[in-house]
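In the part that follows, the structures are each spelled out as structure tokens.
First chain A sits with chain B, and in the next complex the same chain sits with chain C.
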Partner chain A sequence: MSFSQAWDAGFRALLLYVGIVFVWLGLIEGLFSSQSTSVVVMNVVAVAIAVAFFLRARRRAVAERARAEAEVRALVEEHI
Partner chain B sequence: MLQRDSSFAKEALRYGLIVLVLGFIVFPIFWMIVTSFKPAADIMVSPPRFLFTPTLENYYHAIYDKNFLFYIKNTLFISVASTILVVVAGSLAAYSFARYNVGDGHILFFILSTKMFPAIAVILPYFLIFRDIGKTDAGRFLGIGLDQPGALIISYTMFNLPFAIWLLVSFFQDIPRELEHSARLDGLSRLKVLRKVVFPLAAPGIAVTGVFTLIFCWNEFLFAYILTRKAASTVTVGVESFFTLQGILWGPVAAAATISVLPMMVFVLAMQRYMVRGLTFGAVRG
Partner chain C sequence: MSQSLSVSLPQQRRASGAVISDRWFSILLIAPAMAVILVFALLPLVYALNVSFRFADLTRGGIGDFVGLDNYRRVLADRAFWASVGVTVKFTLAAVILEMVLGIAIAFLIHSATKGKGIIRSLMVLPLATSAAVTGLFWRYLYDTQFGLINYFLGLLHLPQPNWLGDYTIALWSVVLFDVWQWTPFVALIALAGLQALPKEPFEAAELDGASTFRVLRTLTFPMLKPVLFLVLVLRTIDSVRLYDAVAVLTRGGPGTVTESMTFYLYRTGLKLFRMDYASTMAIFFLYAMLVASLFALTPLLKQFSNRASEG
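== the complex of A and B ==
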């Protein structure tokens, strides 16, 4: 995964985190009796989803690179 | 071994500098979003608090008390209308400059020269013109006057058109003339050639011009501040309305700024792939 891909995925993961916070505070927090519990659970869920998103992006980038390298290798071998 | 250490140090320095620059860009956005979730008591404290109980009260204040969605609606209408006008007029003008060399380059340069002075230099004439037009029946009917959307649509169109033309000229120049000649030989009229051959080929460039114009219109402050009062105010003026005589309401300011930034941020991220494709379109000449 290149630096720019990591940055892009990280920024999107951060936006995802913010989006989850919005939805949680607006819709889900009322279901909790204790606000502090809600905040802790919200952060755990948001971090987990953001990290999962980042890892998924990383896996995709690595697979894409491997596919591109295989294509180039096949072309080179064909040429030789 | 020594060589490997030196190259590692160089890479570390390079990426360190990149992270530093990107940090400068992203940190204000991060700070704004964090502040928008802070309770009033946690905002202006020193040292700043990063652990706090998040709340949506700033958003409720911005949306319900200040009716911030009204500004979003205004901005959306004005920005989209202006972007459509800029893209349509800019594409036609740029095509004529690229293909027919209208004005031998002098007019193209003159168009660019309108971008050489700051917006503040033309704001007074614009103000007087729109004030007088707004008093006429035609001005009232078309919604062109002070505190009316037409005034901002025209101002943004005039101010963004030079940029759009300059960006689009290079895109049209990259399209081979032979394609147009072949289409003409096949019996297509000039307008049909434009519609069926040239515009589809220049679509990435036109899209990227539209995105940039939309961003400029969305974020513009000076024209909106001078030419509107309430009815046609945009998000940038809406954020400024939280600067009250009693003080600056930092929490609602951050919430309003976040609300105004998010649609454009999501839009740009969604269009990112097309923007990169559009900007690199024709970058490699054969």
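== the complex of A and C ==
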């Protein structure tokens, strides 16, 4: 995964984290009796989803690179 | 001579025994821009983020204690905030749709005109060249119920003379009309530039094949204009969401709060009521909404450009 890909995926993961926090505060927090419990659960959920998103983006980028390298290798072998 | 021109700058610097590496040279080149972004964008953002987590009622002193997510909870439960979001969405939809439709229609009209294209283009730049604060004042006089030109002409035609900025049912549409007047030429000029840049060959071939005007528009003109129109749509949407100056000059958010946009509500909360904590929180929400919207809007555009580059 290149730096720019990691930056892009990281930024999107951050946006996802913040979005989950906003949605949680607006819609889900009312279902909890304790505010501090809600905040802890919210952070756990938001971090888990953001990290999962980043890892998925990383896996995709690695697979894409492997595919491109295989393509180049095949082309080189064809020429030889 | 031509050989020396083809040598890249880093190679030239190496040849002349430069003391800094390419990496540091490139860092040096972007450093001024980064410094400006840091000072004028990132530091205020970090400060606003800090204030949004604190109690900051300036009428009771400066920036106060840490209050966690309380400001965010309050903003999300605030009806006035959601009303201002509704006004902004309503304004953006109405203004952008009207500007796009009228702008494209005007571009087609000018494109097919045989005389006076240059003069029309110059005249169309005028609303864009003047600040909204100035043209807004001008429009306030046009809208005036007693001395306004619009009501004067309506009176001559024996038509009803509404209170354009004071009637809560039409005040927002008066602001939309002003924005449409100011920004339709922008859409028209960009669409016109796109039309003039289209290659002639496909259109000549379509004409030889006897394709109807509607078919040419549907299968050639609009698909080829799509990237330009999409770009102008994104630019106009982002600008419309930031609506402030037109509201500030024409209605000050009134009558009541029917024309209070998100940015105007933010300004009123922060600089009239001095609730900086609340205003900063809304600013963070606003920034987040803009970032997400830009991400969704720009992704297909960037994909389109990269596809074109790889095809080229």
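Annotations
Here is the rule we go by: the second predicted complex is superposed on the first by the 80 of 80 C-alpha atoms of A that agree within 3 Å, B and C clash if a C-alpha of one lies under 4 Å from a C-alpha of the other, contacts with A are read in each partner's own complex, and residues count from 1 in each chain.
Assume contacts are C-beta pairs under 8 Å (C-beta built on N, C-alpha and C of every residue); 3 or more make two chains touch, one makes a residue touch a chain.
Predicted model, so just to flag it, every value in this text is computed and none were measured.
After superposition onto chain A, the partners chain B and chain C occupy overlapping space and clash.
In the superposed pair of complexes, A:R12 makes contact with chain B and with chain C alike.
In the superposition on chain A, contact is made by A:G26 with both chain B and chain C. In the superposed model, A:R58 makes contact with neither chain B nor chain C. Once chain A of one complex is fitted onto chain A of the other, the partner contacts of A:V39 extend to both chain B and chain C.
By the touch criterion stated above, A:F3 is placed in contact with chain B alone, chain C being left untouched. Comparing chain B with chain C, the partner in contact with more residues of chain A is B. Clashing C-alpha atoms between chain C and chain B turn up only in stretch 77-85, chosen from 23-31, 77-85 or 113-121, once the structures are aligned on chain A. In the superposition on chain A, the residues of chain A touched by chain B in one structure and by chain C in the other are 12, 15, 18, 21-22, 25-26, 39.
The touching residues of chain A, counted against chain C in their complex, run 12, 15, 18-19, 21-22, 25-26, 29, 39. Those residues of chain A whose C-beta lies close enough to touch chain B in the complex are 3, 7-8, 11-12, 14-15, 18, 21-22, 25-26, 35-36, 39, 42.
Chain B contributes residues 15, 18, 22, 26, 30, 33, 37, 53-56, 265-266, 269, 272 to its touches with chain A in the complex.
On the side of chain C, the complex with chain A involves touching residues 68-69, 72-73, 76-77, 285, 288, 291-292, 295.
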